[in-house]
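First chain A sits with chain B, and in the next complex the same chain sits with chain C.
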Partner chain A sequence: MSRYILKRLLSAIPVLLLVSIAAFVLIQLVPGDAAAIIAGPDASNDEVEFVRRQLGLDRPWPLRLQDWIFGLAQGDLGYSYILNRPVTEAILERLPVTLSLAGLSIIFATVLGVALGVLAAVFHRSWIDALAMTVALFGVSVPNFWFGLIAILIFAVGLGWFPPGGYVSPTESFTGWLSAMALPALTLGTASMGQISRFSRSVMLEQLGQDYVRTARAKGLGQGNVIGRHALKNAMIPILTVIGISFSLTMAGAIIVESVFSLNGLGRLMLHGIQRRDYPVLQGGMLVIAFSFVIINLLVDILYSWLDPRVRYD
Partner chain B sequence: MTDLTAFRSFSTRLTTRMSAAHLPLLIGGVIFGLIVLAAALGPFLTPYGPEDTSLMERFKGPSLAHPFGTDSFGRDILSRVLHGGHVSLGIGLAVITISAGLGIAIGATAGYFPRLDNPIMRVMDAGEAFPTLLMAIALAAVLGPGITNVILALGVAYAPRTARIVRASILVLSQQQFVEAARASGAGPLRIIGLHLLPNAMAPVVVQMTFIFADAVLAEAALSFIGVGPPPPAPTWGNIIADGRTYLYSASWITLFPGLAIFLTVLSLNLMGDGLRDLLDPRLKKVT
Partner chain C sequence: MAEPLLDVSDLTIALKIGARSINIVDGISFRIDPGGRLGVVGESGSGKSMIALALTGLLPNVMQLVSGSIRFQGEALELAPPARMRQIRGRDISLVFQEPATALNPVFTTGRQVSEVLREHEKISAREARNRTIELFRQVGIPAPERRISDYPHQMSGGMRQRVMIAMALACRPRLLIADEPTTALDATIQEQIIDLLAALQEETGVAVMLISHDLPLVAEFAEQVMVMYAGRVAEIAPADTIFEAAMHPYTRGLIACAIGLETGTSRLPTIEGQVPPPLQFPPGCRFASRCPHAAAQCAQSVPGLQPIGPQHVAACLRLDQMTKLEVAS
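On to the complex of A and B.
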């Protein structure tokens, strides 16, 4: 097991390196003079030159890439001249909001998605199947920012069940946090819920047609045991992959949903970065999300090998 | 008599199976066809231009004169939604053309030339580590707002997905006898890929294109909503929703109708994708 984990950890290193290079290359794509853009339209020539020197833009790109990679290895994501503080510091301050939003939305998406998928597969070609898949299709088709606005209109303004926006720290008030995050998590998790339930249905259908399920039924096991302890357990392995992918999608979707619900998370920081052309912040935020994707995939792989030991010997 | 009964039961079974596979395709196709028609005929369906303002008609709710109501400048929302369809569907079409072109070229190269496979796919891995929407947002932010940049950003962001599918098909097909025969008859790699492999690998690509079209419509709307899409006053669906957000509580129709248009378009494309997948390549059912 530890050898497998080590192998997977080592294989993640080249991907992380490529991701870092990709984030570096992206900023090189800025058309025109990046230093002038970052310094702002009112900056004098001296100020532009100062920014150019500080960002190392006057040096050849291989040296800048080297600095960027070495900086990253030490947790340094660069400096934001607009915020006037290190990017790592700004991101770390906002990350808990985004992580709690993404975490809650994934819990919602997984619980509802798997439940709908299993129900649809068990009651294949019945009205329950049709209803579950209609909900799933709604999830993958509805634009989340619009769904969020409509949810605010109905549940916050109309019914007054939840606040229309803003963040409450769970250390301050757990119920306040849950209430503030309910609508954003629902909005952000709807697409993942749709994907997870569509996928769970097809995997469950495949498992329910297997011989071991027939054997379990022939032994006289009840429907609950056959589904929960046999079929679902085997189906969970591929479903985990989709959950892993969904997590990174929710991190990216947070950029939009945080803006709808006025949540000061990483997404809103990046959005402000885009609006104010604060490229170091955009670059740092992108890297954090991409890294989280690689790490989540790594965890999913490790969880795989724990659930199904055959994976380790593949 | 028995033969007739057996034939009837066979034909009923066949019709049921056919309609089960074709129903989503049919429903999706009809809805999508209507949306395309409405977007194409937009200027003839309403008497107002998408950017015609009228201060006397500000914030009018849905009525016979303005079925979708008007916005803060008195612009007719129906005209704007119809014109927005023109822009959004055009962007979607351009995005699938670019992502298919790039994805097929990259995927076929990786699948056919084993030496290039690993380096190309590792680069694709890195590309896919950035969620598509994030990649598109970053590219659009860096390149600047504008329709061309949104198309480029989304086209590039969706290319790895197509490349992976093409590569997988080419890897399997390369082992087939007909490819062996083509090689033995002296055909070069370009001829084998273009004439023998790609035509046989297109079914999953066509299915994927439909889903990418749906995703691209959603992503373009999201980009417009956060201000990195085509700049206002271009009436894209995302821009209209962003405009209406300020008046969400007092004039919710500005937000409601363009959102419904996006939802129906994406829903119809997803239904078509599901139907096409069941029809052309049922093995893909699990992947999407």
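On to the complex of A and C.
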């Protein structure tokens, strides 16, 4: 088991290296003179040259790639002349917000999605199935910016249960953090919840027809044990894949949801980066998001091996 | 005569297809004495597995127990609520299925899957369940049981997996063990080992065994009584030791001819022409009539009842009185 995890960790290294190079290439692909674009239309030639030197764009690309990779190894993502601060610092400041948002929304999507899917499968073709799948369809089809606005209108403005926006650090107040993140996480997780529940239903239906489920029943085990333990543990293996995939959906959706709930997260930082052509910030943000995918996939792989003994030994 | 352990009478199971309902098991009666060995033989589609599921209350939703009674130790199982059936399953009546590769849960250790039955039905500690599981593994002939209880199903061979299934079935010392094609998915040499194991364990524990198989010689070797089924009905029930000589039903004789052909290796294997009709095409009269070499006009119209032939021997054929003569003539 630990050998398997070590192997997975090692295989993540080349992926991370490739991602770093891809992020580097992004800047090189900016059409025209990147320094001129960054310096802005009103910049003088000297200013453009200054920016060029600062970004190191006057040096040949192999050297710049080397600098970028070495900088990365030390946690240095470059400098943003628009924010006037190191990119690493700006990202680290925003990262907890986005991680909270993505993490909570995935937890919400997983718990509710799997529960709805299992219920729908167990009560296949009953009203419970129909209701669960209606909720799932709603989740998949409703645009999250609209859902977020409605949630603010009802639960924040109308009922006053949650704040309409803003971020509270969990180190400051845990309940404050939860209450601040509740609506954004719900909004962001709804689409994934729908996907996960629809997928869970079909996987669970398949598992419930397996021979080992009949064996478990023949042993005299109760419904909860047969479904919740025997069938669910098998069903979780493919469901886990979908949870991993829906994480990418979550990261993309974070940009919109952070804007709706005025959360200063990574998504908004990147949105501003796009608007102001802050390429170092975009490069850094892209890299961090790619890293998070790699880490999530690594986690999924490790969870696989925990769930499925056949993965461990093969 | 002693009180039977299991007394099934007039058991009828219907398959619901839309508004239609077809009796895929049609008025079956049999009994098993405590410690008895009943063999059930039939082709696929004969309804033999459905009987096993009906006895344990595990019929799939599309199947319905229409009528008949199932008396197990005097208790009417057809009326028992699901919670009661749960207590009985795995403790008093246990099942061994055909395909041990899929009948075991791939994500739990085999040891856990056996001890789980013990912990469900007997309030014992995890440690005690573990010790009993090791003992059960040893009893069913799994080498190095202390180590093998931590094995997952995919780490075991087919024969070992079936031994695990048997250990699971015997864990709570049931009164009745139903083995549904326990050897069909296994190699020929392993088949024999498993049947020998079942026989040895049966003698050791005194459990009654209902062995379901399509393999007549295998069943006849193991069982005391053999029930031959065809398309959801009993064709013949006969003592195992005389069935090869005394069989009266044309279907049983057909099966025997096939089996003997296999034994002696004649150049052309005897077969029973045709196939079991699908449930939707069950004829109104004798269901075997379309394949029967002795069928007469009456066979297509009326359903044959079970006729006594000798001690412990009954057969359901309208032309029983002509059978001996017919066989000699042909």
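Odds and ends about this structure:
As a convention for this text, the second predicted complex is superposed on the first by the 313 of 314 C-alpha atoms of A that agree within 3 Å, B and C clash if a C-alpha of one lies under 4 Å from a C-alpha of the other, contacts with A are read in each partner's own complex, and residues count from 1 in each chain.
The rule is simple: a residue touches a chain if its C-beta (ideal position, glycine included) is under 8 Å from a C-beta of that chain, and two chains touch if they have at least 3 such contacts.
Because the structure is predicted, anything quoted here is derived from the model rather than measured.
Partners chain B and chain C fit side by side in the overlay (superposition on chain A). When the shared chain is aligned, chain B comes close enough to touch A:248, but chain C does not.
By the document's definition of touching, of the two partners only chain C reaches A:217; chain B does not. Using the contact criterion defined above for the overlaid structures, shared-chain residue A:233 touches chain C, although it does not reach chain B. In the superposed model, A:26 lies in contact with chain B only, and not with chain C.
Applying the stated contact rule after C-alpha superposition, one finds that A:70 touches neither chain B nor chain C.
Rounded to the nearest 10, the superposed model shows the Cα centres of chain B and chain C diverging by 80 degrees about the centre of chain A.
Put chain B and chain C next to each other and count what each touches on chain A; the higher total goes to B. With both structures placed on the common chain, the touch criterion links A:150 to chain B but leaves chain C unconnected.
In the superposition on chain A, A:174 makes contact with neither chain B nor chain C. Contacts of A:308 after superposition on the shared chain: chain C is touched, whereas chain B is not. Once both complexes are placed on a shared chain A, the shortest Cα to Cα gap between chain B and chain C comes to 6 Å. Applying the stated touch rule to the two superposed structures, the chain B and chain C interfaces on chain A have no residue in common. Contact residues on chain A toward chain B in their complex (touch as defined above): 14-15, 18-19, 21-22, 26-27, 29-31, 137-138, 140-147, 149-150, 152-153, 157, 198-199, 202-203, 206, 238, 248-249, 251-253, 255-256, 259, 270-271, 274-275, 279, 282, 286, 289-290, 293-294. Residues 56, 58, 86-91, 94-95, 97, 99, 102-109, 116-117, 120-121, 152, 154-155, 165, 168 of chain C touch chain A in their complex. Chain contact summary for the complex, chain A toward chain C: residues 210-212, 214-222, 225, 230, 233-234, 237, 307-310, 313. Taken together, the chain B residues at the contact with chain A in this complex read 122-123, 125-127, 129-134, 137-139, 141-144, 214, 218, 221-222, 225-228, 241, 245, 248-249, 252, 255-256, 258-259, 262-263, 266-267, 270-271, 285-286, 288.
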